[in-house]
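Listed after this line are the structures, all set down as structure tokens.
Next, two complexes with chain A in common: one pairs it with chain B, the other with chain C.
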Partner chain A sequence: MLDNIYLLIQAPLLNVQILLDGLFVGSIFALAAYGLALVWGVMNVKNLAQGDFVIMGGYTAWLLSTWGIHPIFGLPIAMVLMFGFGWVVYVVIIRRVIDKDMFTSLLATFGLALVIQQLLNLAFGPEVQVAESHFAINSFFDGLVTVANIKFISLLLAAGLAAMVVGFMKFSRMGQAIRATAQDARAAKVMGIDTDRIYAFTFSLNAAICGAAGALISMIWVIQPFFGIGHSIRSFVVVTAAGLGNLPGVIIAGLSLGGAELYSGFVFGAELQQFSVVALLVIVLAVRQVQQRRHRQAVK
Partner chain B sequence: MSIAQQKILLYAVILVLGIGGPLIFPNYTFQISVLWVMILFALTWDILGGQMGYNSLGNIFFFGVGMYTCALVQVGLYTDVSVYTSATGGANLRLTPEEYFIGLGLGAFAGAIVASIFAVIFGWVVFGLRGPYFAIGTLGFTLAAGELVGAWEWVGGGGGIALPVYPGPPDERSLLFNFLCFILAVIAFLTVKWMYAGQFGLAANAIRDDEEKAEAMGIHTLRYKTVGWTIAAFFLGISGAIFGNMVGFIEPLEVAFPTVTFGIFMVVMCLLGGKGTLWGPVVGAALFHIFKEVTWTYMLGWQWVALGALIIILVVFFQQGVMGWLQEKWPSRFGITVDENVVAKKSSEAAQ
Partner chain C sequence: MTVSTMFLRGLTFGVAAAGLIAVAPAQAKVEGNTIVLGSAISFTGKYSTNGIHAKNGYNLGVKRINEMGGVKVGGKAYKLKIIYYDDESTPLRTAQLAERLIKQDGVKYFLGPYSSATTKALAPITEKYKIPMVEAEGASRSLFNKGYKYIFAVLSTSEQYLASSIALAAEIAKKNGKDPSSVKVAMAFENDPFSLDVRAGVLDDMKKFGMKAVIDDKLPRDLSDMAATLTKVKALRPDLLVISGHSKGAATAARQIAEMKIKVPMIAMTHCEAAKIVQKFGASTNDYLCPTQWAETLSYKGAAFGTAGEYDKLFKKTFKGYKNVPYQSAQATAAVLVWKDAFERANSFDTEKVRVALTKTNMKTFYGNIKFSKGGNNIAKPMVLRQIQNGEFNVVAPSEWASHKVNWPRK
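Now for the complex of A and B:
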């Protein structure tokens, strides 16, 4: 461990490499976390299947790439398919748990997460998969820092998608209705908004965002049926650290999570990378709790 | 038969089943032992989950802590732990019966104590969290514990530890552990029954219904929550110690901290039986375990899909569970008086 820290000090360019990689994966974490915050804020549903939606999107892009469709074109297809899937999930499950207590939705989506990861495992096997993009890899500083072109493209795509979603929420008629429902569902209903359709659309939009995030993950990182829970926890870390309805916070938290995760993976070794994500969750919750306790409040 | 007589009959049947079960069906001794452990899981989960409304997804953490503490004590009493674990999961340690039972007893005791201490420490951190944050926080530290133990070479890392070999014939061994599990489950049941009957039960239900009001009424909520969790952790610690010895080989992710198997089973069993009732966890655990053992082997990889689907169906359509459903159907059998006015008012509210 100390050797690794020493290495980082000796070769400062290694830091650049890790930070850049953290930035690229962090942007995708932020995207998935934004979807989670959307569903959480509008419908008060804590979606523990968030990460599994991401992995589903990843497998869609990967499957299409094995059929000869480039994963970048697979991304919109994954979004459309996941949108439809989200709608089905809403109608079958989420609609029935939405007005029950919060643990119900958490547990129902946990059951959904189990079903998705096991079905993916049965369909594609437990191997780690990558959707090959066949793009060039650039080297900087005499080959000490290498960045694949696809990572730049994925960062741009993630930023573009996030901008599109934010613009949609702000300016479109549907986005306005979603925001109105989030503020006061009852009042929105009185104003003639079909809240049930808004909920269905919000949940499906989240699934589509996850699908896009998954397609990006499959291009620049790896996917595997059981990686979903890790992505769910990452989304929860980001949302818990940033708070709801705080878009700059989500972006900053997502990027820092990416950096922190890759740094700890480098320093402590790869087998503790997963641990560091979960440990971050516990730390974030503990810090939030101490902050709230000062005001004699609980983290709700 | 009066209700009191029926109760005595019920306890007598359970006692006969508990003692006679493994003698009549010697091939199923291990399954019966696991059934008692499952009942204990459900009972201890329900202390917080059902009675207090603190739905933990990480209670299995204490099970793993107890298991590892016990294993380390058992091995550490007679040999060097790091040498033992480094030899590919442990060379077989041969002990005399006396040494073995002293190790097991001390180990189980230490496991229970260490698990309780962890419960107090973690309780201080997580009891400021409510609802989903509590569930995710507890899930988080259990996952973290599994990963951490898996990377800890001194205790064998991901390879795990083989426990000392039982000094006696295998039949005797399985019977012994079966009775230990049975006795532990009975003690756990009597303990929670006694707890729910007194002040603790009232305070716990008050916390579940409205924590702020309960606190305003002068109930020291943090203390009650910590006590409830510590008692759950105590029993889970002992059960982990016994279970580890019963299986004979422990490793972090599948046996000691099995978050997505046992950790979820305990929640599912409580939901199935009806959470917040005394008998619900027992009924749910029995039903779930029997259902699982009968169907699991025929599903060829689909069993986890079935488990997920079962969770969804239970949560969405059958939230009150078996006992809750029975209570709704025949309230007078459970000593519950129903105020018709309240029911009418509630149903008219629901209609609006």
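Now for the complex of A and C:
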């Protein structure tokens, strides 16, 4: 471990590589986490199938790429298909559990996650898949730092998509209605908003965002039917750290999570790379707990 | 009586009846002129692809033996048949299904499941019931140092998978006038029984040559990113990079080695073929070294199938959709051949006699020579190392079987 830290000091350019890789993948974590925050904040549904939605999006992009459609063009298609899928899931499952207690919705989405994993496995097999972009790879500093163009493009796409979603929430009528429902569903209903439709739309929008994140993941990482859980956990970590409805927080937390993963992978070894995600969750929860206690005391 | 109580009664009766059928007298292990083998193997779940490869291998072995007149025991010819159950890639299920095969189906002769994990779950059960098992897909060496007496494996154990790459690196260092102990090795192994065995074998051989490990990372089970490990590789410039993490490890590594332009003179990894890295990543995978249990280009030869090449052709003709015959299929077929050989030499269906015959197995097959150690693993067949050269897999080590020269350093 100390050798690895020493290595970072000796060759500071390695930090650039690690930070860049963290930034690229962190932007996708942030995107998926934003979708989770949306559903959580508006509907109070904690979607445990979030990561599996991401993987589904990835498989869509990958499948299209095997048919000769470039994964970048596969991305919007994945979004549209996942939007439709999200709507179906809402009508079939989520609508029935939305006003039940928290455990019902957790169990329902957990079950959904298992079903998605197994169906993907049946359909595509357990192999790892990648959607190849065939873009160039740039080297800097004598090859010590490399950046694949696709990673850079995926960062731009993630940022663009996030901006679009934020703009949509701010300026469109639907976005306003979603925010109104999030603030007070009953009041929104009284004002004539069809909250059921809002919920359906929100859930589908989240699925579409996941579809996009998944398409990006399939281009810069790898996908496999059972990799969803890792993405679910990451989304939860980011949302818990940032708090609901805190968009800049989600972005910062997502990017830092990407960086933290890569740094801990470098310093502690790859076996602790994903461990760091869970460790962060524990730390974040502990810190929140302390903060809230202080808050409550102040109220007293 | 309400409908629901009627339903409940009907259900109870039905369950009871099913239970009675289940405990009905077990079928014999040899039915008429058919010898019944049993296997709980993965058709669904994470091992499904290779499970099905193995099943195809078993089926081809059975088909060929039956076509050639079957198994001759006591002057009579018997046909072979296999009962399969799907273990859903979970070891617990493999164990349950093994009990079912033994107790309900009366199977007395086993073919192995796919993977070390499921085989590990199964071995204690075949031991308990004294049922011999010839397995072809569990390579972990922990299967063979427990003193099990009823397990026989046709494949090379996992610690041999990448050990030959160390020997090759030492050979090349010597040729270049360097001391083998100066070779720096970077290791990335998944944290699972199989890969850790591979790692143990590599470490043993490194010790032999006095080589140093500059990186020793253990990859998590659901690994989708190796960038941190590879950044270290970039900084430390090892002479040899060895990776083992099943198909997902190979695919992730191949993708990121290309993406990060990692330049190491020698890269060796397991599961190159299973991960289809050549199809996926093309020329960037050139000069990777990949161990294999078997290759169709090897000059092995046996009675039932002829040469390895002939087996390859027959397999592709029998099962559509295979561009390459996976070694998982070849070794499965070899396991069936071992059963035939053992039955004929034992000249009996007594499990104990057949087991003794199995311990004395010494045969030449298209899959290589087969001879079991006391622990039950095959000690007569080496692991071969192939190099990806312009998209082709060519055998480069050990020199006895090599068809091509090794490209070093890789570009």
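FYI, the second predicted complex is superposed on the first by the 294 of 300 C-alpha atoms of A that agree within 3 Å, B and C clash if a C-alpha of one lies under 4 Å from a C-alpha of the other, contacts with A are read in each partner's own complex, and residues count from 1 in each chain.
Definition applied: a contact is a pair of C-beta atoms (placed from the backbone, for glycine too) under 8 Å apart; a residue touches a chain by one contact, two chains touch by 3 or more.
Values in this document were obtained by computation on a predicted structure and should not be read as measured data.
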- Task: Quick one: classify A:Y59 as touching chain B (first), chain C (second), both or neither.
- Result: neither
- Now for A:L122: first (chain B), second (chain C), both, or neither, which partner does it touch? both
- Message: Touch test for A:F203: chain B only (first), chain C only (second), both, or neither?
- Response: neither
- Task: Please indicate which partner A:I93 is in contact with in the superposed arrangement: first for chain B, second for chain C, both, or neither.
- Result: first
- Looking at the overlay, does A:F83 come into contact with chain B only (first), chain C only (second), both, or neither? neither
- Query: Does the superposition put A:A11 against chain B (first), chain C (second), both, or neither?
  - Reply: second
- Item | Touching partner for A:E261 - first (chain B), second (chain C), both, neither | second
- Message: So in the superposed three-chain picture, is A:L107 touching just chain B, just chain C, both, or none of them (first/second/both/neither)?
- Response: first
- Task: Return first, second, both or neither, reflecting whether A:V282 touches chain B, chain C, both chains, or no partner chain.
- Result: first
- Message: By the touch definition above, which chain A residues appear in both interfaces, chain B in one complex and chain C in the other?
- Response: 118, 122, 229, 269, 271, 274-275
- Item | chain A - residues contacting chain B, complex | 46, 48, 93, 96-97, 100-104, 106-108, 110-116, 118-119, 122, 229, 233, 236, 240, 269, 271-272, 274-275, 278-279, 281-282, 285-286, 289-290, 292-293, 298-300
- Item | Of chain A, residues touching chain C in the complex | 4, 7, 11, 14, 17-18, 21, 25, 118, 121-122, 125-130, 132, 137, 139, 143-144, 146, 148, 151, 217, 221-224, 226-227, 229-230, 261-266, 269-271, 273-275
- Going by the contact rule at the top, pick out the chain C residues touching chain A in the complex. 44-49, 89, 188, 191, 216-220, 222-229, 231-232, 234-236, 247-248, 251-252, 255, 258-261, 263, 274-276, 280-281
- Message: Which stretch or stretches of chain B touch chain A in the complex?
- Response: 55, 57, 125-126, 128-133, 135-137, 140-141, 143-144, 147-148, 150-151, 158, 211, 260, 264, 267, 271, 301-302, 304-305, 307-312, 315-317, 319
